[in-house]
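By letter and in written order, the chains are A, B, C, D, E, F, G and H; residue numbering begins at 1 in each of them.
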Amino acid sequence: MDEKQVTALFEAVKQGELSVADAVSRIRALPFQDVGGFARLDHHRSLRCGFPEVVFGQGKSPEHLIHIINQLNQSTEKVLVTRLAQEAYEQIKDYIPAEGLYDPTARIYRINRSTETPLPGILVLSAGTSDIAVAEECAQTAELAGNDVKRIYDVGVAGLHRLLAYTRELQQATVIVVVAGMDGALPSVVGGLVDVPVIAVPTSIGYGASLGGIAALLSMLNSCSSGISVVNIDNGFGAGYLASIINHQSIHA
Amino acid sequence: MDEKQVTALFEAVKQGELSVADAVSRIRALPFQDVGGFARLDHHRSLRCGFPEVVFGQGKSPEHLIHIINQLNQSTEKVLVTRLAQEAYEQIKDYIPAEGLYDPTARIYRINRSTETPLPGILVLSAGTSDIAVAEECAQTAELAGNDVKRIYDVGVAGLHRLLAYTRELQQATVIVVVAGMDGALPSVVGGLVDVPVIAVPTSIGYGASLGGIAALLSMLNSCSSGISVVNIDNGFGAGYLASIINHQSIHA
Amino acid sequence: MDEKQVTALFEAVKQGELSVADAVSRIRALPFQDVGGFARLDHHRSLRCGFPEVVFGQGKSPEHLIHIINQLNQSTEKVLVTRLAQEAYEQIKDYIPAEGLYDPTARIYRINRSTETPLPGILVLSAGTSDIAVAEECAQTAELAGNDVKRIYDVGVAGLHRLLAYTRELQQATVIVVVAGMDGALPSVVGGLVDVPVIAVPTSIGYGASLGGIAALLSMLNSCSSGISVVNIDNGFGAGYLASIINHQSIHA
Amino acid sequence: MDEKQVTALFEAVKQGELSVADAVSRIRALPFQDVGGFARLDHHRSLRCGFPEVVFGQGKSPEHLIHIINQLNQSTEKVLVTRLAQEAYEQIKDYIPAEGLYDPTARIYRINRSTETPLPGILVLSAGTSDIAVAEECAQTAELAGNDVKRIYDVGVAGLHRLLAYTRELQQATVIVVVAGMDGALPSVVGGLVDVPVIAVPTSIGYGASLGGIAALLSMLNSCSSGISVVNIDNGFGAGYLASIINHQSIHA
Amino acid sequence: MDEKQVTALFEAVKQGELSVADAVSRIRALPFQDVGGFARLDHHRSLRCGFPEVVFGQGKSPEHLIHIINQLNQSTEKVLVTRLAQEAYEQIKDYIPAEGLYDPTARIYRINRSTETPLPGILVLSAGTSDIAVAEECAQTAELAGNDVKRIYDVGVAGLHRLLAYTRELQQATVIVVVAGMDGALPSVVGGLVDVPVIAVPTSIGYGASLGGIAALLSMLNSCSSGISVVNIDNGFGAGYLASIINHQSIHA
Amino acid sequence: MDEKQVTALFEAVKQGELSVADAVSRIRALPFQDVGGFARLDHHRSLRCGFPEVVFGQGKSPEHLIHIINQLNQSTEKVLVTRLAQEAYEQIKDYIPAEGLYDPTARIYRINRSTETPLPGILVLSAGTSDIAVAEECAQTAELAGNDVKRIYDVGVAGLHRLLAYTRELQQATVIVVVAGMDGALPSVVGGLVDVPVIAVPTSIGYGASLGGIAALLSMLNSCSSGISVVNIDNGFGAGYLASIINHQSIHA
Amino acid sequence: MDEKQVTALFEAVKQGELSVADAVSRIRALPFQDVGGFARLDHHRSLRCGFPEVVFGQGKSPEHLIHIINQLNQSTEKVLVTRLAQEAYEQIKDYIPAEGLYDPTARIYRINRSTETPLPGILVLSAGTSDIAVAEECAQTAELAGNDVKRIYDVGVAGLHRLLAYTRELQQATVIVVVAGMDGALPSVVGGLVDVPVIAVPTSIGYGASLGGIAALLSMLNSCSSGISVVNIDNGFGAGYLASIINHQSIHA
Amino acid sequence: MDEKQVTALFEAVKQGELSVADAVSRIRALPFQDVGGFARLDHHRSLRCGFPEVVFGQGKSPEHLIHIINQLNQSTEKVLVTRLAQEAYEQIKDYIPAEGLYDPTARIYRINRSTETPLPGILVLSAGTSDIAVAEECAQTAELAGNDVKRIYDVGVAGLHRLLAYTRELQQATVIVVVAGMDGALPSVVGGLVDVPVIAVPTSIGYGASLGGIAALLSMLNSCSSGISVVNIDNGFGAGYLASIINHQSIHA
C-alpha cells in the first residue's frame, strides 16, 4: 500500500468515482506489507540473510548456484557467495562471471563493481592460524560491504606479547572482531585493552571438550570485559556484516 | 626488550652515537614497546567490569557494599551498583549516600552528579513484562553512561501488531537492545525491520525446556537476521554498556 | 485502524471536510496493526498468552495480581489465573471476586460467567498421581475454554491393564492430552491405540536422570506412534488451550 | 478374535457341536490382541509408523526396499517411502512400480491409486529455502493421506513483510505446519496471527550453536504463542500425518 | 473377563437363555484387561511402582500419607514408604501404625508382619559415607522383599585395600549392588573381581562437574567390566527390588 | 602367588633350605595379584571385556584381527569377535578359521566347539526392525555363553497388540533383554507385565532429538516399572553377557 | 600382612610349631591389603580424600562433625575441615578444640601443631574477588600441608596490566594455581607467561551461560597454553593438595 | 613506560646524570617493566602451543606442512609434528628430513638432534589397548622433551590384578600420566596407590553414552583420589608436556 495507491483511492472517492464502501474494501485487499515505511526495506536490507545479494553456498547444487549467481549479477553491482567449498567452486567456475574472485581460505566468491571508497575502522583479529578461514569470511564480507579492513592474525593469549605488540592498532579501530576457537579467551583480553565494540566469533577449531566451538562460545558469553557481544560459532559473515553497520554509522565514517 | 639491548641503547646515547629521539623510537620498536599507551587505560575504562565505579552487588556482604559505595562516592561523580536485591538495599540504605536512587525492578542503585546532556539513540525493547527487570538494568546502565534511553516493553512476537505499531521508533534508533526470554524470537523479527546494530539479551524467564534461558540464547545466536549479536543470559548491564559505546561513537552523537 | 475509522476518513474526504493529502497522512499515523484483517485478532485470541484474560500468576506480586484480576473481571466474562500457589492465593483471596474458584492442585483461579454449553471430546490422561497437577491445569483450562473434559488418571504403562480398561473412552475422544513424567512412555502407547490427535505434556516429575522433565520430553519427541505432538514441560495450559482449538473445530463440535 | 470367529464359537456351543469347556479354552487360545474393539485398529492405523504402507527408507538395503515396496503394492492402493535418498532410488527404480513418483527434494517415493477427493485446509510454511526438503516430506505425506495442501515457502521472520503478505492464506487454513531451522522463530509469529492448531517442525538446518536443530526445537517448545505443539527435528512425515488427522476431523471436512 | 464369566456366557447360550448376538456383545463389553493370564498380575506385582504396598513419600501431603499407610496396613502384611524425610515422618508418626519402623538415614518407613525366612545372597557396597543414604534405601527395600542383606560401606577406589580386604564377601554374593557418587568408579572395579550380576547405582553426591550424579551415571554406563547394569541416580529402591528378584530366582534360593 | 609357590616357600624354610628373612623377601617380590583367591579370576572371567576370548573388532587393523583370532583359536574352544563390519570380515575371512560363523546383521564372528547343552530362559525383544542388529549382538553373545535364546522382534509400543500376543513367552522367561531406540518405551511396558529381571538396551536408532540414543537411554533409566536396569547405548554384548550370568545362576538352570 | 606377622609365621614353621599347611592357610586369612608395600599407604596418604585428617564438612550433622574433629585431634597433629559454613561452625565451635582456627571465607577449620618450616614456591591467583573463597580453600589447604603460599587476587584478564605488574612473582613460583570463574580465561594467559605447572580451578562464580562453572571448566580444558591441567569446579582443596605434592618434590624443596 | 619518561631517562644518561646501569634498572621498575624478563620467554617456551618447534598437523595442507617442517629443521634441533595421520605423512615424507621418525600409532613425526641424557621419572599408563594412540602421543612428546619414559599399557580396572602387579613401578615414578577412555576409572585407582602428581587424560574411545570422551572426562574431574588433575580429551601432547615440566623440576632431576 504505497502512497500513490492510497492517494488514488482517496481521489477516486472524492471524485465520486468510487463508493466509500468499495474504497475501504480495496484498502483491505492490499498486501499488508506494502503499508507505511516498510516498502523501502527491501532496498535497505540488500545484504541481509536470505536476500538476493548474499548466497549461503553450502548445500546448494551446482545448477542452483550458477542460476542464482548469474541472476544476481544482472541486477546488482555486488555479489557475495559464502561457504563455497573449493570443489563446489571448481564445478561452477566456468559458468559464472569471470570477474568474480574466489578465495579458497574464506570459501568466498565475490563480485564487486562498486566504486565507493572503502571506510577504514574495522580490525579483525584471530587467535590461531586455524581460525583464519572464519576471520577471512568476516573480513571479506566487511570489505564487500564497503570497508577497508585491517587484519592481525595468530595473536592468541598463549603468547601475550604478540598481541601487545599491536596496542596501537587495537586502539585505533572503530570496531574489533575477535575470532577464536579452543578456550575462546582472546576477546576477554582484547575487551580489557580497548574502548570500542568487540564482536566475538567463536570457531569450531579444537577437539575433545571444545565441543565443536561450544567451549569458546560459552567463554565469550561469560567474558568479564565489557563491550563484548557474541555471534554464532563460525559465523564470520554475521560478524563482518555487523561490524560494517557499526563502522558506517560511526562518527569517523 | 632484554637487558642487553636496552643497555646498548643507553650506552649509544651516552656516547652520543644515537640521538635521544632515535633511542626512544627504537625502544618503541622493540617487542612490548607499545606498552606505552596503556597507562591511560585505567581512565578510559572507568565503567568496566571490576573497575571502581561499577559494583556487582549480588553476593557481597552489607559491610562490603557500604564500604565500596562510600569510597567510590568520594572519588567519582557516578556510582552504579547492579544486582542489588531489595532486601540487601534495605539493610544498607541508611549508610550510603541519600542522593543515590534505588530501583527495585532493575535492582540498581545509582548516583549521578554528571551534568552532561544525555545522548538519544538507544532503544530498549522487551518481549514480555517479566523481562522488564533485565531491560531496566540495561536501560538504567545506559542512562548512567550518558544516554537518553527510549523503552518499548511487552511487544513479543505472539502479538506482532503491538511491535509493528512502533515501526517509526524502531527505524529512528541508533542501536537497539532486545530483551527476551522463552523462545527468544523477538530479536530475529526486529533485526529484519531495521538496519542498525541489534544487541540481543536472553533472559532466564520461562520454565521447563527454557533451561534457564539457554533456549532463548540459542535461538538468538542462530538468528537468520543480520546485524544481531548476543550477550550473556540476564546480562542487562553488559548490553547497556555496549549500547552506550556504539551510541557515543555514532555519527549522530 | 478499524473499519469505522477508515470509513470515517473516506466519508470526510467525500464530503470535502478533509483534503486527500490530510487523509493519506492520517492513515499513516494510525497504529500499524489496526490495518486490514488483523483488527479482529484481539477478539479472536482473547485467551492467548499475554492477552488480558489469562494471567501467569507465578512471580507476580499480590498487589499486581489483585489489580489485574479485578480489572479483567470488569471487562470479560472469564478470568483465568494459572500457576497461582496456595500461599499466593491466600494472600489475595479477600481482595478478588468471591465468585472465582481456586483449585490448589491445578494452582488455578478462575471466574466463568459464560452460559455456553461445554463441548465434549477432550480426554486428559495422566501416567501417575504426581502428574495430576499438570493434568488439572490442562483440564481446567480447557473447561474454561468451553469444553466438557473427561479425565482418566494414574494409568501409566507400568500397569498396562489399567489403561486398556479404558479402551472405549480412548476411542471416543476427539483429542487426547497425555500428561506424563519420568519415562514419558504413555503417549507412545496411547498413540498406538487411537486415531485422533494426541498432545503429549512432559512433566518435571521424577529425579536424577529425569533432568527436570527433559527425559520425558525427549521420549515423547521420539515417539514411534504417529499423530503425537509435544508441548513444553509442565505446560498444562498450552495443552488445554490447543486441545480446545482442535475440539472446537472438529466435526463433532 | 474377530466377531465372526466369536459368533461361530457361540453358534457351535448352541448347536451342541462344541462343549462349553472347549469353547472357553479356544477363546483363550486366540491371539490376545484380536479381542474387542482393537481388531479394526490395523485398518485404522494403516499409515502408522512401522505399519505396512509407510516405509522409512533410510538405512534399508536395496533388496529389502524392492521386496517391501512390491509386496505393499499388491495389497494396498497407497505406498509411501520416506527418507529415500536419490542414490538409493536410482539403485531400485527399475525394480519397483513405474507408476510410483519419486521426488528428490522430499526424498519420497509414492504410489497413489486412491480416487478420493483431496480435502483442503492444510497450509505448510517454511522459514527458509533450506527447510523445503522437510516441508515437502510433510506436504507430500499429507497429500497421500488425502489432503489438498497449500505451500508458502521462504517466509522467515527476518523478512516479516513476506509472511504478512499471506495473511489471508494464514487465516483460511484449518491447520498450519510451520517448518523452520536456525532460530525456530517462525511458529511463534504465525501462532500469534491465527487461531488454528500450529504444528511446529524444527529442522537440522543451521550450523554451530544450532546443535543440529536443538536450538530451533527449544525455541518452539518455549513459544509464547498459544496453539502450538512440536514434533521431532526434521520429522516432516509426523507433522503431515498429524495435520491430516486434524484436518479430516475438522468441521470443514 | 475371567473364566467363570465366560463359562457362564457359554452356558446361557447353550441353555438358550441368551442369543448368540447378545453373548458376543457382552464379551465385547467386558473390561479388556481381565482377559487371559493378566488377571493375576495384580497379585504378582505387589511390590511394583505405583502399586499399593510401595509409597513414594516425597511430595505427598501428610493427610495423603496417613490415609494411604493406614489403608495399606489393613490389606497387606508389608508396607514400604520411601523418600520420607524426617520432618514429614514427625508430622505423621502419631497417626500411623506404631509397629512400623522409621529410619532417617534411608528415609524409609516400613511395616513387616511376614514370617518368611530372609534369603541371603545380596551384598550392598557404598563408595563413600555420603552414599549410605541411598545404599540403605536399597538394602532395606531388599530386606522387606525377603532378603538377608550384607552391607560393606565406605570402600571407594581411592583406598583400594579397603575393598580388597572383603574379597571373600564379594565372591560369596549372588548379586551385588554398588552405590557410588562422584567418579562412579567402584562398580567397574567390583565388576572385575566377581562373576555375578552387579547393579550400579549412581548417587547425586558430589559437586561441580558431578552434575548431580550424571558423571557417575555415565561412568557406570561405560564400564569396561562385564556383568554390570545401571539404574537411575539415587534409585536405591529400584536396585534393591531388582536385586531381590535376581536373588530369589537364583539357584541358591 | 599361588598356593604351590607359597607352600614351597614354607617347605624350604622348614627344611632349612631358606632363611626366614629370604622367604619374607621372596614373598614380597611375587606379583601382587597372585595372592589369595584371585588366581582363579582369570579363568572365571574368561569372557570379560579385554580378556582373550572376546575381541572388540571395531577399529582394529586386519593384521591385528587375524593374529588375535588365530591365537585365541588355539587356546580356547570359543572365540567371539563383536563389532566386525562386513567389509572388515571380507578382508580377513581367508586367514581365519573357516569353522567360524560370521553374521553381518549382528556384526559377529564366532567359533564354538563347546558341547554343552544350551540353557533356555533368555528372551530378547526388539522394538523395531532397525534395532535387530543390536538385539542379535545380544542374542548371539548369550548363545555363545551357553544359552538357548528366544527372540521376538518388532513389537514396539506403537502396536501394543503385537506385544500382548506374546504374553505367554514373556511370562515364561527367566530374564528378558529389551532392545529399543527412539522413545525407549518398550522396557517400561514389558517391566509392567513380568516379574523377572529386565535388561534394557537403548539403541542409537532414531534421528533429531533422539540424540544418538540418549533419549532412549534417559527414558529407560526413568522407567516407572520395577526390575529394570540399563546398559550402554548399543551395548548388545554387555546385555547378552549379563543375561547369561543371571540365567546360569537361576533356579531353572 | 606386615613384615612382623609374616616373619613370625616363617619362624613358627621353622620351629615346627606350625605345619606348612596351617601357615599357608593363615596367610590367606590375613587381610589382603596388608600385603607387600601397601601397608605404609595409610601413613603416606594421610591427607587424602576420605582419610582421617581431612573432613568434607558439607552435609554432615553437628554431632558427626564434633565427634570426628575431636577424635582426629587426639591422633594427629593436623586437622582440616573443608566446606564448613559459618552457621555450621557456630553450632559446633564450643565443642571442638579452641586452638583450631576458622576462616569464614575459605570455610575452613584447621588445627596445626606441626613445627615444620613451610616451603615456599606455591602461588595462588584469582581472577575476581568472588573467586577468593575457592582460592583461600586452596591456599589454606596447601599451608596446612606445609607450604608458604603467596596470593595475588583480582587479576582477571579484563585488566591485563594488573596481572602483568606481577611478572616477577609469576616467574619465581614453582607451581601456580589459577582460580577463575566466568570466562575462565586467566589460566591461558598465565600459562603463556611461565614455564611451571599451572593448576586451573574453575569456580561456579557467574550467571546464565556460565552454567555453574561449566563454561570456565571447558575454557580451561581447551587452553592453548601448555603446562595447564584442571581440577573440578570449586575444588580448591584438590588444587592445594596437588600443588603441595608438586612443590614438595621440586628441586627447590 | 610512556614516551616522556623514557626520553627523560635517555636525556639523563646522555647528560651523565644517570649511569647506564641505573637507567636500565629504572626502566625495569616502570609499569610493565616486568616486561623485561619476557624476552627470554620465547626461548623458554620453545615447545609451546603455537610456537615454532611444535606443529599441530591435523587440518594442515601438505604444502604447508612441508614448508614448516623444513623451516623448523634449520633453526632448531628438535621438531615435533603431532596429529599427523599416516596418509598425510605418506604425502609429505619424500619432502621432509629423512632423519625424522614417524610413528603411525602416535601419529607423531619427530626429529631429535639433542644429545641431552633423558631424565627418568615419567610413567605412562593406559587403561585399554585402544587408548595406546593417545598414550604414545604423550610418551613421545615427553621423550622429545628430554625424558626417559616408562610405559605400562592395558591395565584397566576391570582386571585389577594386572595393575597391582606393577605396584613397584607406580611407587617409583615422579609423575604418572593415566590415559583412559570409557569409564575413566583408572586415574582414581592409581591416585589412591601413589603419592605423586597424577595427570589424567580422557580419551574419546568408547561408544554411546561415552559421548566422545565426556564420560571419562567427568569421571576424572570427580575423582575422590587426591593429587589428580585433568587435561582435554585425547590431549596426549599436553599431558606429556606437563609431565616433563614437573619431572624436570623434581628433586630427582
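Just so we're on the same page, a contact is a pair of C-beta atoms (placed from the backbone, for glycine too) under 8 Å apart; a residue touches a chain by one contact, two chains touch by 3 or more.
Only a predicted model underlies this, so the values are computations on that prediction, with no experimental measurement involved.
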Required steps from chain B to chain G (each step between touching chains, minimum):
1
Quick check on the contact network: minimum steps from chain B to chain F?
2
Quickly list, by label, the chains bordering both chain G and chain H.
A, B, E, F
Equivalent interface to B-G (more than half of contact pairs same by residue no.) among A-D, G-H or E-F is A-D
Contact-richer chain pair (by C-beta pairs counted) among F-G and A-G:
A-G
Copy pair chain E, chain F: interface residue numbering same or different (half cut)
same
Could you grab the centroid distance between chain D and chain E? Build each centroid from C-alpha atoms only and quote it in angstrom.
40
Centre to centre, by mean C-alpha position, how many angstrom separate chain A and chain B?
23
Junction residues of chain H, two or more chains touched:
31-32, 35-36, 38, 41, 48-50, 128, 156, 158-160, 167, 192-193, 208-210, 214, 217, 221-222, 224-226, 232-233
Which chain pairs touch, all of them:
A-B, A-C, A-D, A-G, A-H, B-C, B-D, B-G, B-H, C-D, C-E, C-F, D-E, D-F, E-F, E-G, E-H, F-G, F-H, G-H
Quick one: which bits of chain E touch chain H in the complex? Just the residue numbers, please.
127-128, 156-160, 182-185, 188-189, 191-193, 206, 208-211, 214-216, 218-226
Tell me, which parts of chain G touch chain B in their complex?
128-130, 154, 156, 158-159, 161, 207-210
Complex interface listing, chain D residues touching chain F
31-34, 38, 41, 45, 48-51, 56, 59, 202, 204, 212-214, 217, 232-235
Tell me, which parts of chain D touch chain E in their complex?
3, 6-7, 10-11, 13-14, 16, 20-21, 23-24, 27-28, 32, 35-37
Within the complex, which stretch of chain A touches chain B?
36-38, 41, 44-45, 47-50, 161, 164-168, 171, 174, 192-193, 195-197, 199, 217, 221-222, 224-233, 238-239, 241-242, 245-246, 249-253
